[in-house]
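Just below sit the structures, each encoded as C-alpha cells.
Each of the next two complexes has chain A plus one more chain, namely chain B in the first and chain C in the second.
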Partner chain A sequence: MTTAELVRALRHDFGAAIQSVEEPVSDKVRVAVTPESVVAVAKSLYRDYGARFLITAGIDSRKDRDGFDVDHIFSLDKEQIFFIVRTTVPSDGPHVAAITPEVPAAAWAERELQDLLGVKADGLLDGRRLILPDDWPEGVHPLRKDIKYGDWPPLGDGTGEATYPWKPAPEGTSTVVVGPFFPVLEEPTQLRLYVDGERVIDCDYRGFYNHRAIEKMGDSELTYNEIPFVAERICGICGFIHSSCYCEAAEEALGITAPRRARYIRSLMLELERIHSHMLWTGIAGHILGFDTVLMQTWRMREPLMWLCEKISGNRKTYGMNIIGGVRRDISRDLYPEILSVVEKIEQEWAQLYDAVQGDTILKARLVGVGMLPEETAKALAAVGPTGRGSNQAIDARADHPYAAYDEVPAKVITHPDCDNWARVVVRLEETLESVRWIREGLKEMPDGPVMATDIAETVPAGHWGVCTVEAPRGEAIHYLVTGGDNRPDRWRVRAPTYANLQALPSMIKDETIADVPITLGSMDPCFSCTERVEVVNMRSGEAETLTHQELLTRSRAATERLRGR
Partner chain B sequence: MVTRIIHIVLSPLIALVVAVFLLGLSRIVIARIHRRYGPPIYQPIIDIIRLMNQQSISHGTLFELGVVLALAGSIVTVLFIPLGGTNAPPGSYPLAHGLLCPLSSSGGLLVVIYLMLFGPVSIALGAGASENPNASIGVSRKMLLALAYEVPFLLVILAIMSHYGTISIAEIVSRQQDSAWGVFSVPLSAVAAFLILPAMLGIRPFDLVGAPQEIASGPLAEYGGRYLALLTIQNGIQVFVVIALFVNLFLGGGVNVITFLLKVFAVFLAAELVSAVLPRVRIENALRFCWTWPTGLALAQMIITVVSR
Partner chain C sequence: MIISKLKEALICFKAGRVTLPYPFAPHDPEDGFHGRVVVDAEKCVGCGGCAEVCPPRCIEVSDPDPDRRVLDFLLERCTYCARCAEVCPEEAVTVTKEYETATNDLNDMHMHIEVFMSTCRRCGRCYEPPTPLDRLMVTGFRPPTGKSEEA
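Presenting the complex of A and B:
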C-alpha cells in the first residue's frame, strides 16, 4: 500500500474529518484531522492498516494558530511509511480525546502530554503524573513556550510531603520497594513490587527522577548545529544513534543530502556502537545472574573495540562525529585493516561465548520461560528492539526505514519465537555477530568521496518537518523535528527505546518470582539516567545531617545560579 | 587440664585466622578466573577494621543479639571439630602430637549438626528484627536452603555413622588414618557432600540468600558497621567449619595441624573453582537439585553401607 492509497482510503472512511495532507518527502505523511475524529483515525490505522504507534509530540503553536498541535506518530513497517496524525486543539483549557483506550502503546505518551504541555487527555485510565515531580505545582507545564528554559517554579509548601499516588497493594500482599537506588539498577527508577511470598502479584512504576529537559533546551537554547552534540549525550552507551537520528531528521527537514561516504561512516560507527553495547549488556546480564565471570570476560573482549573507537573518533564513547550534512571526521583507509582485525577477533571470541552460553544448563534454567512477553502483548505495547524481536516482532529500523547506508548494505533482522528472557539473550548474541558481518560488508562497499554536504542553504525556513528512526542496540530511537525561527527547531521530539519497552515490564514480571525481576528488567537493557542524593556528615563532630528535599533543591538552585553568573 | 585450656583458646584462634585468610583467598582465586589482579590477601582484615570504625545502626536488642548468637554458635562449633592431630599411640606418626579438639569426647557429630544450624537461625532472628522486606525474603530463602541441604547432609552423616559405627568425629578420623579415607570407603556420600558444599558455604550457585542484585544482600541488608564486621567473621568461621568437617569425614583429617589446613585449602579451592564458573540459581532450583542428585547418592550409599555390614 502506498501513501496515496492509504490517504485515499482514510478520506473515504472519514471524509471531511481529514483536513489536510502533507507529504514533503515520499513515504512520510502528515495528515491534519479534526479533534473529534482523532481516536477513530488512530484506531483505524492501528487495527485496519497494521500501523505501529511510535510516539506523541505535543507542540505549543499558540503564537501561530492559537492552539496546541498534538501529533501522533505511527509507522507502517512493511510499507516503510511514517504516518503522522495531527490534530489542533484550542489553547483555552486544552484537551484532546485519549487514543490510549484504542491504542494501548500510547499510554505514557499521553500522560507525558498532560504533564509537559498541559493538554489534558480525556479518557485515560491512568492519568497520574509520569514525568513531573510530586511537589511540582499544578498548572505549570514546562514545554509551553511561555516558560523559559531554566525557569523554576516556586518552591512547594516546604513540607516535602507531596507523595505519588501509588497503586494500593492488592489484598494479602506485601510491598517490596526496588529503587530509586538498588544494587542492580545503577540509575534512578522505582519499582514497587506487590508480592505474595516470593511471587510478584502486581507492580507499579515511577521513573523520570532525573528528567534533563533536553527537548526544552533544543527548542529554546541550542542551535541546529549544537543539537547533535547534546543529542549524543542523551545516552552514555548508545549516544551516536541519537546524534545520527537527529541529523537524519534535520537533513530531511532542511532538504540536505549527506554524501554517501558520510552515511557509510555513520552506519559503521552505529554498528561498532551496537557491538560494544551488546557486549556490555551481556556482561551486565551475567552480573545480574551472579555470573561475574561472564561480566569480566565480555568486558575484557570489549576493550579493544573501545580503543579502536578512540583511534577513529578521538573518544572511547560519545564520538562527536555527526553534524547536519555529514560527519566531521573521515576514516582513513589505513585504518580499515585494523577495524577488521578488531571486530573479527571479537567475532571469534563471541562465537565461543555463544556456544558456552548455549550449553549452560543453569543459565537456561534461569532464562527459559521466564519474563514472558507474548507476541500479542509485545505488539499491543509496541515493544521494540531485542525486546520486541525476542517476541517474534520483526521490527528493525534498519530494515523498516533504512537510514544511513542500510539501503545499500542491508542488515539481517534477527527474531526469536520464544518470547522469554532466553530469546532476548539469543537475539542480542546473534545481533553482535550480524554487526560484525555488516562491518565487513560495509567496509568493502564504502565509497570514496567527501564526508560533508556543501550545498547547505544559509537560512532555514520555519514549519518544515522531518522524522527519522534509528535502530539503537536497545530498540529504535525516534527523532521528530519541526523547524522554527531563530536558527533552532520549534519542536524536537525524542523517544528513546526504553520508553516503549518499560511499558511492557509489568506484564513481563507478573507472576514471576522476585529472583527473576532483575534479569527480566535487565533483559530489555533499560537505560534510565543518573543522579544522586546527598547526606552531609560532619566528620569532626560525627554529626550526620540529612538534607531534606527542600534544602537540596535550594542548594542546587543556588549552585546553578553561581554557574550562570547571575 | 592446661593443655585443654590452651586448646580451647587455640582452636577458635586458628579458625579465625584461617577463616579470614580463606575469605581473602576466595577473592584472589575469583579475580584470577576473571583475569583480574584482585585485592591483596589481607583485604578482609582491612575491611573488618574499617567496618569496626564505622557508624553502626541498631534496630533493637534482638537485632544485636542475632549477631552475637550467630558468632558464638560458630565459635562453639569449632571446639567440637578436630583440627588435625591424632589419637594414635605415639611413634606411629612422627610429627603428630595429640588431637587438637578440645571437646572431642562430648557429643561428636550429633552436636555439630545442631550447632551448625545455630548460625542461620540466629541471623534469621536478628535480620527479622530489622523488618526490612529484603531481609525477610533473604531469611525465608536461608531457611529453605538449610532445609534443602539438611536432607542429603543427614543421610550422609547417617551413612558415615553406620559405616564407622560411632558418632565421635575423633574416632572417625583415627579410623580413616588407620585404614582408607572416607572418600574411598563411602565414595557416594563424599560426592553428595561435595555437591551440597556450595549450598552449605553459601557460595555460587547457591548464593541466593544474600543475592545483592535481587534482594540487596538479604539478611545483611540492614547490618552495617561493626555488626557487619562480626557477621563477616561469622561467615568466615562458618565456611571454615563446613570445610573442616568435610576434611575430617572424607579426607582423613590431618595427622597434624599443617596437613589438616593444607587439605582445608585444597577443598576450599576446589569449591571456589566450581563456584566461579556458575551463575546463581533460584531457590526452587536449589531445592530440586539438593533433593535429587545429592539425596539420591547419599541414600544409595547409606543402603549399601547398611546392607554390607
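Presenting the complex of A and C:
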C-alpha cells in the first residue's frame, strides 16, 4: 500500500475529519485531523492497517496558531512508511482524547505529554506522573516555550509532603523496593515488586529521576550543529545511533543530502558499535548469572575493537564523527585491511563462544523459559530490538526504514520464536555475526568521494520536519525534528529504545522469582550499574531489610549455584 | 556439559595474557587520537570561531577593553570532539595525544590567552591588524614573548 492509497482510504472512512496532508519526502506523511477523530484514526491505523505506534511528540505552537500540536508517530513497517497523525488543540486548558485505550503502546508517551506540555490526555487508565518529580508544582510544564531552559520552580522543602501514588500491593504480598538507584539499570530507577514469597505477583515502576532535559536544551539553547554532540551523549554505549538519527532527520528536514561515502561510514560505525555493545552485554549477562568466564573473555575480545574505533574516530567511544551533512573524518583506504582483520578475528572467536555457550546446560536452565514476553504482548506494547525480535517480531529499522547505507547493503533481520531470555541471547549472539558480515560487504561496496555535503543553504526555513529511526543495539531509536527560526529546532523529539521496552517489563517478570529479575531486566539490555542498594520491606511484619547490590547479585548467582549442585 | 566447559577453558587458554602493565609502561595512543587541545597564542587571531562551535561551551571570549580580546579555555569541560581545531582558520588550535590530564589543581586545565587587537573605527569592535607592523601601533602591545600567558 502506498501513502496515496492509505490517505485515500482514510479520507473515505473519515471524510472531513482529515484536514490536510503533507508529504515533503516520499513515504513520510503528516496528516492533520480534528481533535474529535484522533482516536478513531489512530485505532484504524493500528487495527486495520497494521501500523506500529512509535511515539507522541507534543509541540507548543501557541505563537503560530494559538494551540498545542500533538503528533502521534506511527510506522507501517512492511510498506516503509512513517505516518504522523497531527491534531491541534486550543491553548486554553488543553486536552486531547487519549489513544492509549486503543493503542496500548502509547501509555508512557501520553503520560509524558501531560507532564511536560500540560496537554491532558482524557481517558488514560493510569494518568500518574511519569517524568516530573513528586514535589513539582501543578501547572508548570517544562516543555512549554514560556519556561526557559534552567528555570526551576519553587519546590517543596523536602520534608516528605510529596509522595508518589504507588499501586496498592495486592492482598497477601510483600513489597520489595528496588531502587531508587537500581542495581542492574544504570539510571536511577525505582521498581516495586509485589511478591508472594519468592514469586513476583505484580510490579510498579517509577523512573526519570535523572531526566536531563536534553530535548529542552535542543530547542532553546543549542544550535543545529551542536546537537549531534549532545545527542551522542544520550547513551554512553550506543551514542553514535543518536547522533546519526538526529543528523539523518535534520538533513531530511533541511533538504541536505549527505554524500554516499558519508552514509557508508555512518553504517560502518553503527555496525562496529553494535558489535561492541552486544559483546559488552553478553559479558554483563554472564556476570549477573555468576558466569564470569564469559565476562572476562567477551570483554577481552571486545578490546581490539575499541582500539580500532579510537584509530578511526580519535575517540574510543562517543566518536563525535557525525555532523549535519556528513561525517567529520574520512576513513583511509589503508585502514580497510585492519578493520577487516579485527572484525574477522572477532567473528572467529565469537563463533567459538557461541558454540561453548550453547552447550552449557546450566546457563540455559537459567535462561530458557524465563522472562517470557509472549508475541501478542510484544506486539501490543511495541517492544523493539532484540527484546521484540526474541518474541518473533521482525522489527528492525535497518530493514523497515533503511537509513545510512542500508538501502544498498541490507542487513538480515534475526528473529527467534521462543519469547524467553534465551531467545534474546541468541538474537544478540547472531546479530554480532551478522554485523561482521555487513562490515565485510559494506567495505567492499563503499564508494570513494567526499564525506561532507557542500550545498548547504545559508538560511534554514522554519516549520520543516524530518523523522528518522535508527536501529540501536538495544532497539529502535526515533528522532523527530521540526525546524525553528533561530538556527535551532523548534522541537526535537527523541525516543530511546529502552523507553519502549521497559513498558514490557511488568509482563516479563510476572510469576518469576526475585533471583530471575536481574537477568530478565538485563535481557532487555537497559544500561547497567553497580554500587546501588535494594530495600526489602515486609508489609506483613513491617520489618525492613536492606539488600546491597552485592546481595542481590548473590541471590541471582545462588540460583545458578543451586543448579550446579554445589 | 563437560564438553562445553572444556571449550570455554580452551578459549581462555588460547587468549593467554592480554593485560598491559599500564601505568608502569606507557601506552601511547594512535595517530589522530583526540587528546587535550593546545593553542598557539602566536597564531591566534582572536576570531572566536572555536568558541562559536564548541558544543560544551568551554571557551569563553571577552573584550575587556577596546584593544584586547581574552580567550579562556576551560578544558575541564572539554569533550575531546576537536571541533575547535577543525574550524580554526589559522591552525592555532591543535589536538595532542595527551590523555593523562587528571589533576589536583583545576588551573592546570585552564588556558588564558590575550590577543591584542585594533578597534574598527566604524563599529568599535576588535579586529586583528593585518600585519605585525600595524600591530605595533596598538596600545598596550607587548613583545611576542610576553604577549600571552598560559596560566
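Definition applied: the second predicted complex is superposed on the first by the 518 of 566 C-alpha atoms of A that agree within 3 Å, B and C clash if a C-alpha of one lies under 4 Å from a C-alpha of the other, contacts with A are read in each partner's own complex, and residues count from 1 in each chain.
The rule we apply is simple: a contact is a pair of C-beta atoms (placed from the backbone, for glycine too) under 8 Å apart; a residue touches a chain by one contact, two chains touch by 3 or more.
As the structure is a prediction and not an experimental result, all values here were calculated from the model.
Trainee: Please indicate which partner A:R300 is in contact with in the superposed arrangement: first for chain B, second for chain C, both, or neither.
Mentor: In the superposed model, A:R300 contacts both chain B and chain C.
Trainee: Let me test your reading of the model: by the given contact rule, A:T377 touches which partner, first (chain B), second (chain C), both or neither?
Mentor: Neither partner.
Trainee: May I ask you to decide whether A:Q352 touches chain B, chain C, both, or neither, giving the answer as first, second, both or neither?
Mentor: Once the two structures are laid over each other on A, A:Q352 reaches chain C alone.
Trainee: Once chain A of both complexes is superposed, is A:Q80 in touch with chain B (first), chain C (second), both, or neither?
Mentor: It touches nothing on chain B or chain C.
Trainee: One more residue to check, A:D360. First (chain B), second (chain C), both or neither?
Mentor: It touches chain B and chain C both.
Trainee: Once the shared chain is lined up, is A:F182 touching chain B (first), chain C (second), both, or neither of them?
Mentor: A:F182: touches chain B, not chain C.
Trainee: Figure out whether A:S174 sits in contact with chain B (first) or chain C (second), or with both, or with neither.
Mentor: Once the two structures are laid over each other on A, A:S174 reaches chain B alone.
Trainee: For chain A, give the residues common to its interface with chain B and its interface with chain C.
Mentor: The overlap between the chain B and chain C interfaces on chain A comprises residues 293-294, 296-297, 300, 360, 362.
Trainee: Give the list of chain C residues in touch with chain A in this complex.
Mentor: My answer: residues 1, 3-5, 7-8, 10-12, 15, 18, 29-30, 32-34, 53, 55-56, 79-83, 86, 95.
Trainee: How about chain A: which of its residues touch chain B in the complex?
Mentor: 174-177, 182-184, 197-198, 286-297, 300, 360, 362-363, 365-366, 513-518, 542, 544
Trainee: Can you name the residues of chain B that touch chain A in the complex?
Mentor: 30, 33-36, 55, 133-134, 137, 140, 204-205, 207-208, 211-217, 276-285
Trainee: Going by the contact rule at the top, pick out the chain A residues touching chain C in the complex.
Mentor: Per the stated touch rule, the residues are 222, 225-226, 229-230, 233, 293-294, 296-297, 300, 303, 307, 310-311, 313-315, 318, 320, 328-329, 349, 352-353, 355-362.
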